[in-house]
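So, here's a batch of structures to check.
The two complexes that follow have subunit A in common; it is paired with subunit B in the first and with subunit C in the second.
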Partner chain A sequence: MNPPSNRMIELVHVQRDFRRADGQRVQAVVDVSFVIPEGQFVCLVGPSGCGKSTLLQMLAGLLPTSSGGIVVDDKEISGPGPERGVVFQKDSVFPWMRVIDNVEYGLKCRRVPAAERREIARSYLRQVGLSHVERAWPRELSGGMLKRVAIATVFANGGRVLMLDEPFSALDYVTRRQLQDVLLNLWSADKSGVRKTVLFVTHDVDEALALADRILVFRSGCQVDDIPVEKERPRSADSLLEPDMIAIKRKLLHHIGLDRPALPDAPAA
Partner chain B sequence: MPEAAKSAVTSWAAADRSPPSAAAHRSNENAAPRVSGRLTLSLRSGIRAVDPLRFLGLIIFVLAWYALSFLFQPIILPPPQAVLFRLLADFWDAPNLSYYGVAEPNLYANLVYTAENVAIAVLCGAAIGVVSGLVSARVSIFRAIVDPIMTTAGTVPILVAAPFLLIWFGVGRASAVGLVIFYVTVIMYLFAQKAASNLNPIYEEFARTLGASPRRIIIDLLLPATVPEILGGLRIALAGAWGLEAISELLGSQEGMGKVLEVLAGATDPEGIMATLLLLGFVAISVDAVVAWAVARVTGWNAGLHSGGSQT
Partner chain C sequence: MRAAGQRIRDRWISLGVLAAIALLWQALSILFPVEAVPGEPMIAGWQVMFSKTLLSMADYWQGGLGVPSVSEGAPRTYLAAILSLLSHSFDTIVRLVCGLALGGVVGLALGLAVSWSAWSRRLVDLPVQFLRTLPLLAMVPLFQLWFGTYFIGKVLFVAYGIGVIVFAGTVNAVRNVPQIYIDNARSLGASKAMMYRTVILPGILPEMRSTLLLSLGTGWGAVLGAEYLGAQSGLGYIIVYAGQFAYLDRMSLVAIIFIVATSISYRAAGALTARMLEWAPDSQRA
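For the complex of A and B:
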């Protein structure tokens, strides 16, 4: 086993422009550079439209950069790959495959023998608490259970980088909290000894505080802050009320523009 | 951490066990020991699913027909029982047909001829239509070339092609089959293209991040996801194919149900015509029922959903 890489993900002056329907150029991501060491849990926080999802799409290889480079594990990325798993905001579980076949799918694509991949899939289904529905169709599951299937699928595929694009934003509060812990458990229970590097996009400040080792803040396509969160885990609801966490939260709310009441004549962006 | 977190995981797992998943769990348990019971169960639920009002409608129709047949002469409107007896008699042996020059003097052989043509035409038409429809949804240059042809063909009444086919292929099996192939191809092209375009792109993105090759995406995503809509289109194409095949036989053929109808019309034999139509209708409805049953079996994942549709 190689020692953990200090530069698992490296972005160098990454830009992304879009051309709107009216022909105007819009800069979604403006000159973003950062380095993430292996095993770090990083949250990307910012108001909607700040470019954080675009950034994740580029990291996933689903969207090309306009300029700049993205290096993951010493390789410049040129497209999607199984070493970078993605959990999407929308349901991406294939409705025409049973739950267990969904979880196995990435392994099947890489020709892992059937018995071996079934064993891996069962183990992850057990860890997300879905062993009892392995033969069910996705339509028979609730929204929260579908998210568990997607998480199990990505973990079973074994990539070293995990990206999540507002994965829990469509879920109710209770389910969201449960899934945050499911994710943290899987992340910290990694057998190989080296944890996955996680990039978690969210606009929920509390979610970022509960999960992250480090929070990168974005606004209007620019990275505006880089805040370490050194609170030990597990973080209870109470630990979010301790002075150091409140200080971080205040900082985040200030960046987002929620530290003062919105004026009636100045609609929030 | 692990202890607290672990107990939390298990307790949510229990909380998240919503009714549908519990049902799935139950059916899993019962699956092995009750295979024989399942058939009677599905039979019983099948009978229960039949709407008794449908039978009422059928009975009213037959009674009205029966009543009206007293008002008209049999040469105008034969009574239902006469049509039924005629059908049973003509099915194996109808000597009057040979008198009019039909190659096989019974309904059975002509039905087989028509059914063969429908089967060949639907198979060929569906193969061409589905493949070109799926390709057109993925390859824009192919779509740009084929779309105008198919949409034009889809709006023109299909029978205008009949004279050309008669000129090119003569009055035989090829003309009739060609016409039906043409019709089925257009319908299946449109259905397959729509099904493939409706596939939510999130599935393909997810598959690519999991490491699926383009070939795997076609086999594991595009094909299974479009099956429900394509089979739905196939049922529509099949229903039309029976009628079109019979009509094209009317225009020039030595065999088939259409030829029988043409001959009987020439002989002013409404009883025979109705018997032939009754048989054709019965076979078409039976085939549709079998296909509908097969569709339900193949697309169990899709019950009540459209492929690529959102689900919450």
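For the complex of A and C:
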């Protein structure tokens, strides 16, 4: 087994422009560079429209960069690849395949023999708690269950990098917390010994604190901070209330602009 | 989901309207007893349609199965009449199905080619968009001169009529496959062929269902049109033949057979596609 790479993901001066309908040029991502070592769980945090989702799309290879380069596992990326799994914000589970066939999909693309891929898919379905619906159609599942299917699918596909684009933002609080645990359990139970490198986009500060080893903060397309979170796992709800975590939270809220009064003109009490 | 009782009542109301139309027809046949030629009413009442008219279908029986044809000197029998209707319907249906299959496959393939690659789009898109404006009915004499009474001519005619609809439907349906599924398949490592087989084809199915039903209607029209041009069998052949002698009752009877056959084909196509859409929400299978 190779030692974990300390440069699993490397972004070099990545830039992305869009041209709006009115002809205006918009810079969605401005000169972003960072390096992520293998096995790290990184959250990309920032207010809506800060370019974090655009960045993830480029990393997934679904959107070309305007300039700059993205290197994953020593290879410059030029498109999507199964070594980089993606969990999307919207429901991406194919409605025309049964749950188990969805989970097997990536393995089928790589011509893994039927018996073997079924076994792998079953194992991940069990780990996300969906063994009982393996033959169900996706329309019969709830939003939270569909997210579990999506997570089982990317884990079954076995990529070394996992990207999630606000995956739980449309779910209720309880479901979101459950799915965070499902994700962390799968991530830490990785049998190969080296955990997946995770990029998790969220605008939820508490979610980032609960999950991340490291938080990259974005605003207006620029990376504005890089905060390590050295809290041991598993993190309980209480551990988020400890002083060091509160200090980080305060910092994040400041970046997002939520530390200022909601009504700036209100007279002081 | 409506209650079963409500559906049964709807069904009775629909049947009532059909019965009213049948009665109206009968009333018209009594009120306007005009004859096209002596003995041939312009509007044939049901008592004529299901006796004399039905029996006259024996004229189109071409013999075989131990039932002699009228042209061999045999008298008209109901058996020959029924066999005649069945065999001519069968010929029409064979032409329709062959045309449907050919037009469907070619239309689908060309429609998929528009999105397959930049090259295939250049090769297909503009030329087919251009060709499909050729009016089907204007091509009738052309097909007649090219293919005469050959089977292939009728099949090609139907296939053309259906192909252009399926082509347009496919191009549109592919455009409407949600990007999220395409992105998901790509990020899971699907090749282009895999993507088309497992994402695009099932993804366009709900929309292709209405395209199929639309093209089925056109197909029935086209196959009759093709049979007007010198076919030696088929429902269209009976209509043309009856028309030459002003047998309006026979034309009406064939029209009714045609309505029955078309309705059955719609039902069959609807049931078949509903099975293929087992995965889809109810709204896409109704």
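Methods note: the second predicted complex is superposed on the first by the 262 of 269 C-alpha atoms of A that agree within 3 Å, B and C clash if a C-alpha of one lies under 4 Å from a C-alpha of the other, contacts with A are read in each partner's own complex, and residues count from 1 in each chain.
Assume contacts are C-beta pairs under 8 Å (C-beta built on N, C-alpha and C of every residue); 3 or more make two chains touch, one makes a residue touch a chain.
If you're wondering where the values come from, they're calculated on a predicted model, not measured in any experiment.
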item: Side-by-side fit of subunit B and subunit C on subunit A, or clash; value: clash
item: Which superposed partner A:5 touches (first subunit B, second subunit C, both, neither); value: neither
item: Touching partner for A:62 - first (subunit B), second (subunit C), both, neither; value: both
item: Which superposed partner A:223 touches (first subunit B, second subunit C, both, neither); value: neither
item: Touching partner for A:90 - first (subunit B), second (subunit C), both, neither; value: both
item: Greater subunit A contact set [subunit C / subunit B]; value: B
item: First, second, both or neither for A:202, with subunit B first and subunit C second; value: neither
item: Touched partner set for A:180, first subunit B, second subunit C, both or neither; value: neither
item: Partner chain in contact with A:109 - subunit B first, subunit C second, else both or neither; value: both
item: Partner chain(s) touched by A:143 [first = subunit B, second = subunit C, both, neither]; value: first
item: Intersection of subunit A interface sets (partners subunit B, subunit C); value: 60-62, 79-82, 84-86, 88, 90-92, 94-98, 105-106, 109-110, 137-139, 153-154, 157
item: For the subunit B and subunit A complex, residues of the former touching the latter; value: 1-2, 4-6, 8-10, 12-13, 15-18, 20-21, 23-25, 28, 200, 202-203, 205-213, 216, 220-221, 224-225, 227, 300-305, 307, 310-312
item: Subunit B contact footprint on subunit A (complex, rising order); value: 60-62, 79-82, 84-86, 88, 90-92, 94-98, 105-106, 109-110, 127-130, 132-133, 135-146, 148, 150, 153-154, 157, 170, 175, 178, 181-182, 184-185, 188-189, 233-234
item: Parts of subunit C lying in touch with subunit A, wherever the complex brings them together; value: 180-181, 183-191, 194, 198-199, 202-203, 205, 278-281
item: Residues on subunit A engaged by subunit C in the complex (per definition of touch); value: 60-62, 79-82, 84-86, 88, 90-92, 94-98, 105-106, 108-110, 137-139, 153-154, 157
